[in-house]
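Please see the structure below; I have some questions.
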């Protein structure tokens, strides 16, 4: 309806292969970024920054990481949290043990460590497929968390492996206020999202999708399976690793290995499913959804209980949350396997065709 | 805007643009997925190479160059290339079958032909023996032709390479040849669609088309910022005026679609600022709109209907800049945001400044629809012999039933037979090598006899009622204007074609051709099962519905004292679609009434003899050129006539 | 698309005593034949004769237990699909093997992956090298699209396409790799007459215009006899005929094999 | 030595418990190609149902029957409203759906039957068999032995069912070829419903046995994680695989528990207990790298 595409013709492949080929989308994106960079810091409350926006961005990044592996390359992983943990702990140790290392560098190194671990646990994908692989990734989940708990070195001998993040500072500027942390996270996540999008639309991304959709055919047209799969594992883990580092440094401040449990992995998986497998945007939608849902339930359930005069104890609330999560996953898998991203896509199509229905 | 100079030719205009606006796009062509741009300076380069190449093959001043194919920059360039050498481009209808081309090739003594692709090459090879003069065929798209061995076949590229070397050897050749060109030289020969008899070549001089182009460009303030979509046959005078003459004069950009199938989407992409389409295209677009809207949700459809009503109310007045109340304006603005603008966008008409239609009378509702949603649709009048440049509708004074006022540099008057006579800049030099025919149509005072009957209303607007020769007398001696009635019928979305008979008869009969798409849709929504065209055409429901349309027309006619006697008394729905390939329509889809009367004589007799049905078998030409025949028993029905309103 | 000619010999591919079996089941027994430069070589035979297995052996999807393959004079026990692709062997599959989740354009672009060298980092950064490479290959792909006349479905997801068009897209993907040897597994299966005519036209043009050598599996005898230079006949995994179309047509063994099954 | 044997035996016994859960997975995977991650949640649900019904005042036997009925209903509903709606979806999608299902059940069952930890008393005490203790000095819990007995019984029962009943044949047919199964004149939906019912029953047994050892609590839901390595080892489709795999995992796990941590302790210092969380996975994984088709699985080729 707001789209006016007549006259937006492409005279080069460059312009034809832009991320947002339609002018109106470019404008919309620009506005969104403007709000995120200027509007939010001005108006958002501390609660919003700490409890919603920062984790939202971080989880989006983690989901993006998993989406590369599961959504694009078709390798289901249940161990994302483990790679986040590696990222967090590696970053912590680089900060701790290398005098005056720029935190950006330590983040990157953290990400790379995660990537390395990712490749290690990706190796089975060369021999095994599907469920076997999914189960195999659980090995990473349990093993990594166990290692971080049991080897005191990782947590600098703190009890039960808890680490508390050092404050990040760049050229003497310390990222210690919610706003500064938010902006830092925003920049990193936005940047990585852009790189991710480029990857997804490049030959790399196509190779991933080819392997996902039909590995035999992919091999027959000359796509090396091993390289492609391992790269997916590496890049995916790298993104998760960075997300883990941000999780520790910009969100929680101090984390313990058990914080990166199987539940967290599932949470991220759900973000991907509900957001949309094989989509960049989807990760953000999914993260927002999964994060806001509990908050929403906390608000709505007491209201309902009053409405029907039936008391709902807190334990039940958490159980209801589980149920809602579970049924939502099933609902989305049945109704829209491609998640919110596809829904958005459909609405967009409708807007483009307006006033016509199709 | 260039001044009219006695020596001005199209090649010289090319030079000017290449100098003045070298980087502006002259052509865009959707090819390999993107719009490939040819700037004016490159345009000059391309044309120079081609011209020199042609010259090196022996193409000389005064020769004619046949051009056959869809609208392609290279083919437009070929026209200029020929003109640079003092040759005359002769565009042919690309969808004509081989046999139809023979006449033109021989009549214009074509020795050189530049064609688009294998399809056209094959046609020419097929008839080469019947066109003895044809000695060189140049094709643009080599696809599928690489194993063709004929020595007289050359690819466009080859020729341009030849041209490069040639112009390196003779650096001055091109410019000197170009300078020799005079404004009074022939610039193009366009063959009339030939409603009757063999097509005649209409010869125009450079100054004819340049002046027509200049005046009309000034009339609508066209400039190098404008965009037009070139999708109508290059052999048709309209395309030559819009996509060639006006483009060469005003330097606007000509955009060529990727293929026939993609015209609509390509139009959406380009969003032309200047657009021409014959009424039938505007009509089918509207039909699509209505059909697509029918599947919309109730709310949306309601909104749409409201918007359309409001548009009917104030739309065209707003476009004509008439004073409108604030509330109405606000309403219109709201609907514009929610419906009109998106609709224009969907039709690819968002950026249109000026849109024209001509060739046939356009239905009032149809016409008003486009104007009311903010598309500045206007009508003009002209024919091949007058560069399609006789009358234009000025902005602000547009009426659906007129074709506008005499265009700048044109003088019109009516003969006492009612025939429209034209004199002025755009009148042809003459029919190519047909002084006899020329003498018939251009009288001593230099007035061209259009063969159209018309009247001039109080504010000087010309109104065409019919072909002069078709304006006949009925048995009772009263006026009979079949086309006028046919058009009224065709204004109904369900009627694709109508053929009205009654000359020297006591009653008026009509054949109806249903619009299959529209009626099929109509039938489906009423759960009327049908087996195909013939079956659908014979459905009682369809007859009933068509009957109602005809009654409306009769009521309409009754209002007009001059024509109230000329109401339709009986009708039938034809069992096959009238088709140019069967010579029932001209290539420009005008009905050949006489031919049809003969071909369907049994039906016509049945109409007059009061039968209620009639069996008939008819020859048809299938798409692939095979001959066949279809037969059906056609139902005939009486129409209810209306009382004359006094 | 480039013409890729091997001057040394005009035999591109030589299969010597190939035997292949799955578990106990014998798919191919002791089969030998050769493929010459620029020819259209057809493999025919009743269902389950092992035709597809033959192709799978040629480009290394299956690995024969016995026999040798000589490709461009180079002897090898078995091929490896990816390597075969890099050496200019492309193919289509009997039951379409397109990437369902991708658009037509992307599917065909994957055919260029072997030609695309830029690493994932420059891909991620996108500007410069990676991007130019992308555009270069896009142009190549668009040429293929133009050649196969599928402009109008460029950006449609392949899943949404009718069968005939999917087959065409798969051919496009194979052609995009600019192969010197093209393996076509029943390219016309399940097509209507018109689609078949088009497909024939394309195959012939690929063969003539771009000099691509073609190994063709096809059920439609009319087509096979029309367009192939030489024909191999398989039956129950054994070679029962080899030669010019006419020779094969009149080979009694072949006839009997076909009398049994209805083709 | 004696100690070693004791470990091995207890390994076997606990391994059989794993097998029991794995069995549930295998049944459903064989029939409908779904890796039912919710199997653990079903165990939890079943056990909760039993104690729940007891709390509602039913006698044990009735509670068990009621629980079984409950499980059957859960199974049928799952088939109807989850998997039934996901036919022709890629297996991964189905798998994720079952993850959702497990969340749903983990939420639902405590709401229905209460979430506080409760014991199940099968009347068998969890203490070593004295006689054997005296004889060999090896202590084996009666409960373990009883459980093992039950499990073996169950397996035999299932085997018989598969071999000698029409349903069984249909089930086996459906495993390798849906069309063939249809030809037996049993609609797939029914077959799947039956399978889910059986899986529910297996879950119930598992729930009872596990529950009677360490009480009915959320941890039961995690038994799924115990079964998964067993599955990689034994293959998703093989009943014997599940049994043998379970035993192997059980034994190796127990041994590892005893022998690995001390070694590491010497190497790095600190406490390295609790390796059972990951050891089975790494173990199964390494095994898989050597033999991708698993214990009894057959090599399969992609037909193209």
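Per-chain residue numbering starts at 1, and chain names A, B, C and D are given in the order in which the chains are listed.
The rule we apply is simple: contacts are C-beta pairs under 8 Å (C-beta built on N, C-alpha and C of every residue); 3 or more make two chains touch, one makes a residue touch a chain.
What you see is a predicted model, and the numbers here were worked out from it, not measured in a lab.
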item: Intersection of the contact lists for chain A and chain B; value: C
item: Reference chain D; chain at largest CA-centroid distance; value: B
item: Mean-CA-position distance for chain D and chain B (Å); value: 77
item: Approximate Å spacing (C-alpha centroids) for the pair chain A, chain C; value: 41
item: Centre-to-centre distance between chain D and chain A (centres being mean Cα positions), rounded to whole Å; value: 32
item: Chain C and chain D: spacing of chain centres that average the CA atoms, whole Å; value: 47
item: Chain C, residues touching no fewer than two other chains; value: 61, 93, 97, 138-139
item: Where chain A touches two or more other chains, by residue; value: 12-13, 216-217
item: Overlap residues in chain B, where contacts from two or more other chains coincide; value: 33
item: Complex contacts: residues of chain A adjacent to chain C; value: 12-14, 17, 195-196, 198-199, 202-207, 209-210, 212-214, 216-225, 231, 235, 278
item: Contacting residues of chain A [partner chain D, same complex]; value: 74, 76, 123-124, 127-128, 130-132, 134-136, 138-139, 142-143, 145-146, 150-152, 216-217, 262, 266, 269, 273, 315-316, 319-330, 333-334, 337
item: Residues of chain D touching chain A in the complex; value: 35, 82, 85-86, 89, 91-93, 95-97, 99-108, 110-111, 115, 225, 228-229, 231-232, 236, 268, 270-272, 274-275, 277-278, 281-282, 284-285, 288-289, 292, 302, 304
item: In the complex with chain C, residue positions of chain B that touch it; value: 31-33, 143-144, 146-147, 258-259, 261-262
item: Residue ranges of chain B in contact with chain A within the complex; value: 28, 33-37, 268-271, 289, 292-293, 295-297, 300, 303-304, 338-339, 341-346, 348-351
